[in-house]
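Per-chain numbering from 1; labels A, B, C and D assigned in written order.
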C-alpha cells in the first residue's frame, strides 16, 4: 500500500533538486530527526553549504549532536544568541564551532541555529536550508529568514499544537500570508505544487498506541508503528499493593494505556486530588522498578525516562510542588512537543471541568500529550468528560477563506476518550 | 454628490430656536409661545404612543398596536404640520402621462421576451424616462385577467403571465398576449434564453441616459465575453455578439422545449388559460372552498 | 479573566454594585475628547444613519441621513462628519515638540493628540468600516465626493487601526474602558451594553437598562422595534425633521451616558505609565499626519505579508508592555500575578546591602534582601525579577521557603562599592517583586515589501488604488 | 441518520409535554440552533416536543430580546431577488467563475411553481432524475472522499456533457426527521447540480468586505447550510443514490464590500455536519430526560380559539422549573427562553450568571453565596472544596489589601 520509510526518504532526497521546496509530514516519532540528519549529509555531500533552522536551542543542540554522531567528518557551525551557554557535550564534539556571528564559525559544511537567531543574519544566501519543526514555526518567522536560502526542506508534525500569539490576529485571517498561520500552511498556499511526503511509520509509539493516535489525530493520512505488538514490553519488577495507582500502572504495563479515573467532580484547575494522583503514579513507577524492553534492548525506566504532562502552567507548578524527583520532566504540552520518554503520565486537559474552551479542546494539545511515550501512557482524569463533550456547545466562528482544520478537537477528544475507557481502573 | 437636491439636516439641541426662526419667517411671532406649548404636548404624546406601540409589538398584541399606530400617525401629522407650516410634506407624485399598463407594454415590446417586473421597470427607467415602480405591477396581471374574462379579446393586447412546463402561470414573469405561444411558455432553459434576448435588445437600443448604461453594465457583467473586464461602459456591439454566442448554445433545445409546451398548451387549454395559465390544483381547491 | 476578577464579580452580584478591579486609570483621558456615537442602517454593513458627536457635553452635533438609501445623502453626511472631525484632528497639528532619536533624524511630535471615544466595540467596527468605505473615494470621475471625504476615510482607518494596539488611547470604547476598571455583577457579554454596565457602576443593576424604550441601544445598530415603529414611517413620510427627531431620541440618552462614563474614568488617578503610552500615541499620530501631508496613498485594503508581520510584532510588543505596565502601576492588577505565584509582596525583614559575589576583577556587589510574604511563590531560583518600587532595578530570586523569600539585587543599585542610598530597601519596608519584566527586545528586521520571498508569494504588485476602488458602488 | 425514535412512549410523552399547543415546525435555523447549548435539558425537551419557546417566553412575561429590523428584512429580500433575477443571471456568472460551470448548464427549475402540497414530491422527482441522469457515467470524484481525503475544494472540469436533468433548483422543499417528527425546511435555498454532484447555494445579505465577513454570521450560515446538505443527502439516500453526491462545500452568496453586487465563496461545512448529526442523534435519546419527569408534566400553553395562551403563568413557570436548565450568558443570543432562565439563575444566586469561564474557575462551587462565604472564611469548605476555598481566601486577602 504505502511506501516503506526508506522509500519515502529516498523520494524526498530525489525531490530536493527538483523543487524549490519539499515538505515532509512526520507523525510523532516517525524519524523526523533521522530524516533531517540524512538530508543534511546528502546535501553536504554535494559540496554546497547548508543552513538548518530549528525552533529551540534544545532542538538545535540535539541536531548538532546527532549530525556529529552519524557523520563525524562534517563540520558544523552552531550559531547562537549572546546569552546562550553551550552544554559541555557540545564543546567536546569535534568539528563543531560555536559563535554568535557567522564570521566566528569558519566556513563549515552546515550552519545551524534557531529561527530567532537566523532572523538576525543577513547578507548571505545559502543554496540549501532544512527547516525543522516547521509546523510549529509561525509564518512571520519564516518571512524573516526565507531570503537566506534558495531551496528548502520543511519537516514537521502537522498534528501538534499550532503556533499562537498573545494578540488577536483575526484581522489577517483568510490572507494567504496570515502571519499567525504555520510556516508550512503559508508556504503551501503560495506554492500549491510543492511535493508533500509523509513518513509512514512511527518508531516511537508502540503498537498499542500508533493506531489510536493515528485514527484520532491523523484521520486522513494515518501511520503505523514500526514495532509489532510483542516487540515492546514494560515490566514492574517490584510487587504492587493493589491500590488504584498500582493497578493503573499494571494496566499500563500490560496494555500500554491506563485511565486512572477519579470521582466525577467539578474542580479548580489545580485539582489537588488529581495532582496527588499524578505525583503518586510517578513515584510508584520508580518504586516498582519498571523495566522497559524494546528493539533497543532492556533498560530500567529511570526518572529521566518519565514525563508528566498537563495543559496549564499552574498545573505543572502544582505537580512539581507535590514532590517529584527533579529528574522527572514535568511540563505543559507546548513544551513537551518533539520530546520522547518511556512512560508518560498525563493530567487530562478536560479533567474536572464543567465546560471546555477551544484551548482545552485543541486536538494538538491532546495529541502531544498522548504521543510522547515509547511504552505506556497513564492518563489521570475525573469522570464526567464524556458528559462534558456531550454538552459542549458548538458555535465556533467561521472565517472565510481559511481552510478547515482537521481533525476537529471534539472528535479527537471523543476518539481518545473512547479508547481510554477500555483501560479504566 | 449628484447635486440633486441633496440636503442634509444638522439639528442642534435648541430645536425650539429653529422652530422659532421658522415661525418668525412665516410671521407668526405672536403665537410662538402657544406653538411651543402645543409642540411640547404633541411630542410628549408621540413619545408616549411610540413606546406604547413598541410595547404592544413586543407582546405581539397586533390589535392594540394597530389602534395605537393610527393615533400615533395622526399625532405625527399634526407635528409635521406645525413644524413645517401647514402643508403636509408628503410629496405628490406627478400623474403619469402614460398608463402603467402601457409602460409595461412598451418595455416588453422593447425587450422582445418574457421578463420579470424588475427588468421591465429598469428598461422603463433607462429608455422611457420611467415613472414605473415594481410594486405597482403586482396587481396588474390579475386586473388584466379580470378584464379578459369579462370581455374576451376586448383589448388590443393583454399583459399576461408566462406559462410553466405545467402550463400554470409562472411566478413573476410577464409576457404579451400578442406574442406567439412559443414565446409565452417557459422551459428550463427559457429564463436564460430570455435574459440573453433581452440583453441583445437593450444593447441594440440607442438614446438612453446613464441609467441605460448602468443597465447594460449590469447585464453585460453576467454574459461571458461581453466586457473587457474594465469598468467603463461596455461596447454594445460586443455585448450583443457575446449574448448571441451564448444564445446559440441554448437555442436549439429551448426552441424544442417551447414548441412542445406550446403544442400542449394549444391542445389542453382554453382561451383564458392560454393567456393566464391553467389553474393549479391548489388554486382549484381554494376556489372550491369559497 | 482571573479568579481575582471573578471574585470581584461575585461580590458585585452579591452587593448589587460594581466593584473596582483597578486602583488607577490605565487609559489616557484627553482634556477635550471627541465623543462619537454613530448609528447605522440595520441590514447594511456600514450605511450611516446618524451620529451624535462633539467635544462639549452641552453642545452635541446631530448629523442625520434623512433618506439612508440615498447614496448622495450618505456622502453628504460623510462630508458633514468630516467637517466636524477633521478640524478637531487637525487642531492638534500646530503645536509640536522636537524629539531627538538615537540613530535617526529628530522628528516633530505634537504635544497633544486627538482622542475619539465611542460607546462600544460595535462603534469601533463602524469607524473601521466607514473608513474603508470612504478612503478610496475620488473627488472626480463618475461618483465624485467632496475632498474631505477620502481624507476622513484615511483618518478613521487610522484611528481604527491604532485602537487595535494594546494600550493605545487614541480611540477608546467606553464599555471596554469601564470594564477594565470595574467588575459588574453580570457576564462580560452583558457588559457590552453601556447603559447596563453604567447602572451597575453607579446605582446598581436595573432592568430598565435592557429596555430599548428606556435606554435605546448605544449603537451602531438601532432597536428593531424603533426601526419598525418609528424610523421606517418617518423615512416613508419623507419628513427630514421627523427622521432627525426620531434619531435624536435614540442618541441623546447614550450621549449622556458617554459623559457619565468619562466622568467616572476621570475620577480615578492616572496610572504612572499612562503618560508614556500617550507619548507613543502622539508619536504615532504625528507620523500619520506626516503621511497625509506627504500625500501618500490611502491605506491598502488588507496588509501585505511584510506589513502584516511588522504589525503583528509591534502589537505583540505593545501587548507585553501594556500588561507589565498595568501591573507595575496598579497593586490591584499586580495582585493577579501574586495570586498565581508570579509575584509576591511583603515586608523586608533582613538585608545584606554589602553582599558581594566573585573574586578579584569579577567581584560584584549583590545586595541581598529577605522578604516575609503571605503570597504563594511559584518562582524558581534564578528567575529574574523586577519591582514596581524601584523600576530601574533588576533582581534575582535566590530562594523561597515558607513565606521567606531571598532576593539578590543585580542591577540599578549604583556603580560604587556600596549600594547607592535608597537602592536597597530598608528593613520594615513593604516591597513587591515579580517575574514580569518589561525588557525591550528589538525584533529582527523584515525584508522590504518588494523583497517578499517566494514562500510568501514573492514581491506583491505595487498597490495603487484604482478606479475600481473609487467607483465601487455604495448602495 | 434521521431521528429513529420508536413510535410509542417517548413520542407520546413529548406530545403530553406539548399538550394542546400547536407544534412549532422546525426550520433550518431552529435545527441549526440545537447545537447552541446541548447540555440544557429544558431546551432539549422543549425542542424535542416542538414547543414554541417564543410563545412560552412571552406568556411567562419574559419575551425574548430578538427582533429583526424591517430594513434588514427588506435588504435581505431585495438581495435575494437580485441574485435570482433574470434566470439567476448573477448566480450563473458566479458559478461559472467559481466552479467552472459550463456555458450550456443553465436549466432552471422553480419548485415553487407547483402547489405547496406537491412541492416535496416534486423536489424528490426532480432530484431523483438529476441524480440518475447527471450521475450517469460521470464518476463522482467526491464520493467517498469525505472519509479519506484531506480538505480540498474540487471544481467541475470543463467540457462535461450537457445534462438534461437541470442545473438550478430554486425553492426545493426538503425534510428531516427530528425526534420522531418530519420537519419540512423552509425552501429559501437553491440547489445546484452538475455532473451528478449537488451543492447547496445559501444567499445571505451580510457583507463580505475585502474577502472577510463577520465570522459569527458565516458560522450561522454554515450551520443552516449544513441542515440542507444533510436533508438533501437523506433524500438521495432514500431514493437509492449515493448521499455523498451532495458536496460538503456550500456556495455562500453575499453582497461584496459596500455595494449590492453579489460574490460567491465556498464554505466547507463538514464540521457543522458532524455537529448536526450528533445533535440529531441526541434528540433520539430524550427518553433519558423524560424518565426523571412526572408523567403528567406538561408545558401546554392551553391556547384559546384565537391562539392566546390561557394557562396560568405560575403553573407554566412551575412546570418548566421541574426541568433543569443550564443557563449561560451565551443563551442571551440563542434561546427564546433566555430571560426566564436568567431570572431563575438570579433567584438561585447561581454563579452561572457570570459566564461559563467564571463558573469553571470556581470549580465545584455553584452558588454566589457559597463562593463568597468561602472567600470570607464565614463558611467552612465542604469536602473537595478545600482548594477553591484556599484560592478564594487568598484572592479575598489580596483584594482587601489593595483596596484599603
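Heads up, the rule we're going with is that contacts are C-beta pairs under 8 Å (C-beta built on N, C-alpha and C of every residue); 3 or more make two chains touch, one makes a residue touch a chain.
Everything numeric in this text was worked out from a predicted model, so none of it was measured.
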item	value
Shared chain contacts [chain B and chain D, defined touch]	C
Maximum centroid distance from chain B, chain identifier (CA atoms)	A
Identifier of the chain whose CA centre is least distant from the whole-structure CA centre	D
Whole-Å gap separating chain B and chain C, where each centre is the average of the chain's CA atoms	48
Length of the line joining the C-alpha centres of chain A and chain D, rounded to whole Å	37
Rounded Å distance between chain A and chain B, as computed from the means of their C-alpha atoms	64
Chain C, residues touching no fewer than two other chains	223, 225, 228, 302
Contacts with 2+ other chains: residues of chain B	58
Sites on chain D at which at least two other chains make contact	67, 211, 330, 357, 361-362, 391
Pairwise chain contacts, counting only pairs that touch as defined	A-C, A-D, B-C, B-D, C-D
Complex contact set, residues of chain A against chain D	170, 173-174, 220-221, 265-268, 270-273, 352-355, 357, 387, 390-401, 403-404, 406, 408, 410-411
Complex contact set, residues of chain C against chain A	164, 166, 302-306, 308-309, 312-313, 315-316, 319-320, 340-341, 378, 444-447, 451-458
Residues on chain D engaged by chain A in the complex (per definition of touch)	35-39, 148-151, 208, 211-213, 215-216, 218-219, 222, 252, 265, 267-268, 270-272, 274-275, 282, 326, 328, 330, 334, 356-357, 359-364, 384, 386-388, 391
Residues of chain C that touch chain B when the two form their complex	58-66, 70, 72-73, 75-77, 79-80, 144-146, 212-213, 223, 225-226, 228-230, 233-234, 237-245, 248-249, 467-468, 471
Chain A residues touching chain C - in the complex, by the definition given at the top	20-21, 116, 119-120, 122, 139-140, 142-144, 146-147, 165-169, 171-172, 175-180, 183, 186-187, 190-191, 314, 317, 321
